[in-house]
Structure formats: structure tokens, C-alpha cells
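We just call them A, B, C and D in the order they show up, numbering each chain from 1.
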């Protein structure tokens, strides 16, 4: 994401002239619109737009971004999120012991593939601390049990707020987040579920898939909500399996799916490409 | 399927020497094995095999096929289905009003893509009779209502038995088959369901998919059982959708999936490539 | 394509304010923009846009469409194609003897899947005339040989111009179109090539693929140009093959690819979703 | 690969009774055949088979493996490779500076996904030495220039032979291997090429793909031969791109393809699933 760009995500009740008024506002200030994707949900009568533009006056760009947000909400009655390309989001990664998404995500951040910075790792197990240290990323070991769940989650929230985290990603984190945690966190959380949701929600989806005899297995990245595995779906993919594959094969093949689907969802989020409504997502890819 | 070939599908409790004993039996009689796929379910301890061979003496091939079936069941304790390549299966197609699978399946039979003969069409609506007549295929209009369901199904079974049908395929037939029908029919039935089962079983799967906001839609071909949408899955495929697609788009995109998945399942069945166990399928493709 | 809509495809040198000026023009006239996709080729500095809007005054919509085209070319220096949703394009289908794309395309037109009308079929063989008649579509048998190629092509062009055709689609038409034909025709031509171009251009691509031992086979829909198999690619897809597939299997599997890829390309063209530049396509899907 | 298993790959002129004679040989010695995949190239009249069995007497299994190889070549005239499941292949990884396949492959070896041991890394650059050391894998920096190519390759061969390497994998190694190197090495070499071969062979395939305007990009894993990018293809996959993707996007999306395709090819090779003939592969997956 080039530092000089401003990115806005708008949504709200559809009304005539939105495209013209929004682009006109930017044009009048000398901005150069690079991308202007939009979408209408005809039934729900909602308008969505993602804009990327280069402001005329970079020194004043931050102020202009705020003005644009005001304009969108006041004059157009739209919800607006406005970001500057140079503001890199801070990301925290949650992990338990399973490490393929952990390594894959870290390596993608290191390769510059994701428009943000991985600032900390939180785990309910100490196992991956040496790996995290090799990568030079702070590792917070916060054990969780039934007895201490509330305290542990409070400790997690404190770490996340202290680190100024904007996004939490669950890299096969094997704990259910409570509604209280999500409510205290006030930040989006992306989870990777190892099935093609809504098929095989809940635990041990590869075992469920094997038992049902499906011919494709999948992975689903979604925003976490208090309803487990029911949050807005961001991305999904599948791969073919046959009677020749046992559960261990499904787990292995699934790892590649999980890594790719998870990374794509994180990428889109960090590039401000996702809008949520009605428990669904609009992804301007 | 070349007429000179014999095809056998075997399944049963695994035991040492099965591959050797089966292939030895054929070799001793001068047969030339062309394909010998096998599979073991290690947990369930079941052995599956599909054999295709050219008997030494074509004049005696039918008798040899029976002897092989006896050998498999008596000496090996296996269940065996044995067919000759020249015996073409007779197929009946059920349809309501939606016609894409209807046309697609008929054209594939006409093109010689499927190793069988489409001998009749049964519908609960008269709409597609003129199309069936254009194709020169007998069309049986058997209306079904709550009131006459038992009689109508009995009439269907009579047509199917009178026509000597070996396989029934449901090309988007919008009626639920009763357990009594399946029991009276005693023939396999392949259904095409317009979702990636087990997601979105039941009615209006594209609407369900749209509401849930999935990013892939699917189609599933399965054997019909008394439990609706719960039968053994033969084949599945998916295609990508996004927020840009409304329900009509899903229906349109799904049509292509349904046609291809349905045809593949029929093809495999007619080539004697499918074995069923534990409500799953082994497909020797 | 709803009859009340106006659709515009614009392209030209990028310049600040294009999005605002275009949408402003429509807004000032009371139009309601439904879709406004755009793209920038940053290196080539070209701007592309597809607009779909409902004019305020339907009675005057045709005139407004012309004014918009004038505005785009005069004020903005853009190339513009403007169409009304109610103007259905007329399509001609060329075919030889291979009939899977022929049936598939005709059935899709009949099902209302494609925003145009199939007005005639031209073939260098008489074989598919009875099928065309069953479908009720005029069939022009124009034999072609080395000796009569120029006359035959002239006869084709006459049929096409007399029928008022806007688009020609080659459904596995096994003749090379001369540069003279394309030049006289002055209409876009969509071809389906049975490989993943640029691999296996030229004749017998499935044989080439089999010999090379590729693990995927493909199909490519592209606009025909005087350079055989070198025109702008509209759509491509592939399917997996293995050592188990012989050439006949590749041909059979390829048929499904060809049908789907061909139909998608025709659909996009008829919905005015494709812009061509630098021998490539921008597809606003 | 369980240690107690014996795996054989056979190929040679087809002849009646091969399946029976091979399985009979194993059965007579009390072996339990777990898998017996076979394939016939009907045109070339070649028979291929992969067998996996548990010998009756594990203490004698190594000797039996040799006897089987003798039997196959002497009695059946087949080429045979026989391996014991416990013999783990030693693998060397070549890399230059691009590191995604490097990390991915190492992590898969560490995760136990690949049936072999990564024993050394050879590079023409020193850049990835610290990473290799973090992973604890010996790193041999052997610079190559036009002037020293022969000496450098000789040094590489010496390292590989001294390390007892069975397989070399080129993880985006940006040097062409000479025919002399391959001839001196006498070990299979797997390369990952970043295009859907045979399209875009040679250098900068993503640039070539971008210029041609293809709608899918691919990756191909193949055995290296003296003819660059012409060796037997093991595995290929593709992913969709559009006009919205610039070359940097193609490179990024291609990385995921390359990793997955490369790993799959290495996996199959190490599990003795690949036979080569006529510059093609039979993959018993």
C-alpha cells in the first residue's frame, strides 16, 4: 500500500448520485482517484464503495481524510472508514501448538506480502516460544483453563491494547473466544476454520468430513463472532480428496488450504478491502 | 466400454493373498488383465477391487463371468458384481420442469459419452414431452400429488421394471422419493443436489448459500436413500461466487456445476467404477 | 440486461478527474448509476470504465446515450461504446461437424442465459442442418475448399450483414478465417480453442498435450484476429488429467471445458463487459 | 512410509499374466500386498506397476527386496526399483536468493510431511546462510560465474556425493544445470518452473504471461534434463488472474502455486510414486 494513498470504505443506504458526489468531492480537492470499486445490494438497498486516491496535498492528507469521513457521514449519511496508506496496521497472532499457519503467516509478513506489522504472538502453550524468538517476535504465553478463562482473556486484552493492535488473527488457536473477550477487545478477529463452512462446523472437521465421505475438503476464513463458526465468511477454498485419503491425508492436504485461505483473508483486511453487513462480506479484490 | 471386456467389482473382509488369488484365477484361464485397481480401508479392514480383463475365449466369456462371481463369493467370501462390456445398462431419467440437466444428459447419451442407453423419461409434468419427442425418447407423464403419491410411485416402478431399467437418474426431479419406492424399485438411483453437501441440504440451497454469504457454491451427485440428501456421495464440485452474484447468478452458475457433476457420476456408475460401503463410495476413476 | 439501462464502455488516456466527470455528467441528468467499474493500466497510462445506469427519462434515453458518447469522445478524449439494455445483439454461430459447443450454445440462448439472439448458423458441412431445424434456427450451408475460399467467405459475409449480425461465435469451426474475411466482416468474432493458450496453438492440441505429458488441459476463448490463436484472450480454464487418460479421454474432458469457457466469453461480450487493448482484454465481470 | 513396507516400481513391455505373476511371487513368500497400482500405455505397449507390501519376515526383508528385483528383471524382463520403507532418502536443496520455496520446503521436511531427510543446502549466494543455520541445515556457498562454471559444478557434485544425496530439488535456483553436471550427478533433479509449461518456458515467465494477457498463471514441477524446461512433468497447477493483477501480483500469487506444486512433486518422488518414460511421468498417487 503506497504511503501517499488514502483509502476509504463507505457503506449505507443507497441514494441517487452517490458515485458522483463522492468522486466530485475528491476531484474538487485535486485528488486523483486510482480505484473506485462499488457494489449495490439491490434487495437490501445498501451501497458499498472502496476508494483509493492520491490527495493533491500530501502534507494535508491526514486532515483531508478526516474531512472526507465527516462529509461521508454528515452529507451522505454513510458509515466511513478512512485510512492513509502509510499507517501500517498492527497485528497480533494467536496460536496453540499446531504451527503451519504460524510459520506461514510470519513468513508472509517478513516477505512484505501483507500490509501490516506482526507485533506480537499470544499462545496458551509455551511450545512455539523458541520459534517466535528465532523470528524476533514477542511471545506472550498466557495459559488458559476453565478456571482462569476470564483472567486469561483479560490478560490477553491488556497485551493487545498495550501493543496497540488493530487486528487479531487466529492461526489455528484451539480455544473458543468468549463474547466478553470480543466485546472488551473491540478489534476485528480473523479465524481460520478447517472446513468448508457451514459444513462441518465445530470440532474435528476433518474427521467429520472423512466420515461423511465428501469428495472435497475446504477451509474458511471468517471474522470471529460470539457465535462459533457463524461469523461473516471472508474467503474459502477447497481441494479434492478421494477414498484413497485417510484422515491424516486430509489433515495434511488441509494445511495447505488453511495457510492460503488464511493469508488471503488477512491480506484483504489489511488492504481495507472488506466491508461487513448482514453477517456477510463484500470483498473488493 | 469395449464389448470383449469383463469387469468385476469386489468387496469384502481383507485377507492376505487376495490380489494374487484373484489375478491368478484370471491368468490360469488365459485372461489378460487390463486394469486392476484396488483399495483397502485399513480401519474397517475392507478390501475393494475393480478388475477389467479380456477373457481368452470370448464365446465362453459370459459363463466365465458367472464362474468368477462364484469363485469370489465362495472361495474368497467377497461380494462380487461382474458385468460384460457389451451389456449396456438401461437408464431412466426423471425430470420435473427444470431442463438443463435433462438436455445435457440426453446429449451426452447421444454423443456416446455414457456407457448405457437412455430408454425412458418419467416426469410429474407434461412440459418437456415435446423436447423428449424431438430426441425420440419415450416420455411418461405421471402426475404426483399428496393424494396419489403411492399410486404414482407404483406406476413409476411399473414403467421402470417393464423397461428393464438398471439405473434411475434424477435430473433435478423436484419430488422426494419414498422409502417404499426405493424398496420396490431395487435399482440404484443417482440424484444431483444443488449444493456442496452436507452444507445446505434440503430445499432452496442457493437461497441458503446466498443468505450465509459463502464464497463457493457446489453441486453433489449421490445415491438416493430414504434419508433425503444423506446418501453416499459420488462426486462434488464447486465454483467461486462473490458479493457481486445475486441468487439468479448462483442459480445460473450452479447449472453448469450440476450438469458436469451429474454426468460424471452417471459415467462412473455405468462404467462399474463405484463401490458403496458405510454410506460412502469408493470410485475407481 | 434490463431494458431500461444504459451501458457504456470507455477507454483512453488516463487523466485526473475522469471518474468524477463521468459520474457527474450522469448525475446532472438525473441518472442513477448502478455499476461503475473502472481499471487503470498504470504502466500504459490507460483508463477503462464500464458504467451501467438508469436514465431519468426513458423516452429520451437513446438520445442521451448518443450525447454521452459525444461527451466522452469530445470532452474527455475517450473511446466510447454506448448501448441500451433493450437492444439485443444478434449473434451468428459457425460450426463444422463437432456439435457439443453447437448444442450447448443454442440451449443457453434458449434458456435466456445470454443477452442476445442467435439469428443464424453457418456451416461448411450440411450435417447439423436437421438439428438446427429442430431448434428453429436458419442454417446456411456454405461449403469451403481451397479453390472457393474467397467466394465462400464473401457469401458468409453477405449472410452476416444481411442478418444484421453484431457478433460471430465459432463453435469449433474447423476453418481458418482469412484476414480479408475479418476485414470485410467488421464485427467481433469469438473463437474457442481447445488448449490453454499459448500452449499448444495450432492443430490437434489434445494430441500435443498428450505427447508432452501435461497434467492439466485447458480451453481458451479469444477474439479472432488474422494471427491464428494469437488474439486477445477473454477466458480460460483447465481441468486435471493424468497418465490414466488417453487422447479420447482428453477430448471428452475438454468438451466440458470448451462449452463452459466459450459460453462465459459470449456472455461477457453480450453484456458489454469486455474492452480490448494491447492484444489483451479487460473483463468487468 | 512405514518402515516395515517394501515398495517396488516396475516397468517394461506388457505381457499377459504380469499382475498375477508379480502378486503370486509376493503371496508365495507370505507377503501382504497393501497397494498394487498399475497402468498400461496401450499404444506404447508398456506396463507400469507400483507395489507396496509387508514381507512375512522382516529380518529377511532386505534380501527379499533384492530377490524381487532379480525376479522382475530376469523372469519378467522388467525394470525394477525396489526400496524399503525405512530407508529414508537424502535430499539436497539448491537455492539462489528467492526464499519462499526454500522456507516452505524446509518447514515441510521438519513437519514430517516428506518421506526423506534434507541433508544439505547448496547456493550460489551467501544470503540464506543465516536462515539455513537457524534451521540447522548445512549450507554450502558455491559461487558460480561463467568463468568457473565447470569447477563450481564439480564442487557441487562432490558435496552431493559426499553427502550421499539421492535427490536434488531446485527451489527457484536461478542457474542452468549443464548436461555435464546432470551426467556426473547421476541422481534425479526436480525443478519448479514458474509457468504452466510448455507455455512460457525460459526466463521471466510472469512477464511473458502478463504481456500475453492470459487469465490463468501456473507452476510446473518437472525432472531436470539437459533440455531446459523440457523434462518430464510431474505436477502442475494454476490460479486465476485478471486485468487487475500487475506483474508483482502475478509473482506473489505464483509463489503459493510454486510452493504447493514443488512440495507435491517432492512428496511423490520420495514415496516412490513416479515412473518416467517417453519424457512423461506415470504418477501413482
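The criterion applied here is as follows: a residue touches a chain if its C-beta (ideal position, glycine included) is under 8 Å from a C-beta of that chain, and two chains touch if they have at least 3 such contacts.
Owing to the predicted nature of the structure, the values given are computational and were not obtained by experimental measurement.
Of the two chain pairs considered here, A-C and B-C, the higher C-beta contact count falls to A-C. Chain centre most remote from that of chain C: D (centre = mean of CA atoms). For the pair chain A and chain B, the distance between mean C-alpha positions equals 42 Å. We define each chain's centre as the mean of its Cα atoms; on that basis chain B and chain C are separated by 36 Å.
Residue positions of chain C touching 2 or more other chains: 244, 285. Contact residues on chain A toward chain D in their complex (touch as defined above): 99-100, 103, 107, 111, 113, 134, 244, 252, 256, 260, 263, 285.
Every residue of chain A that touches chain C in the complex is listed here, in rising order: 16-21, 23-24, 26-28, 30, 32-38, 40.
Listing the residues of chain C that touch chain D in their complex gives 39, 41-43, 48, 196-200, 212-216, 218, 232-238, 242-244, 246, 278-283, 285.
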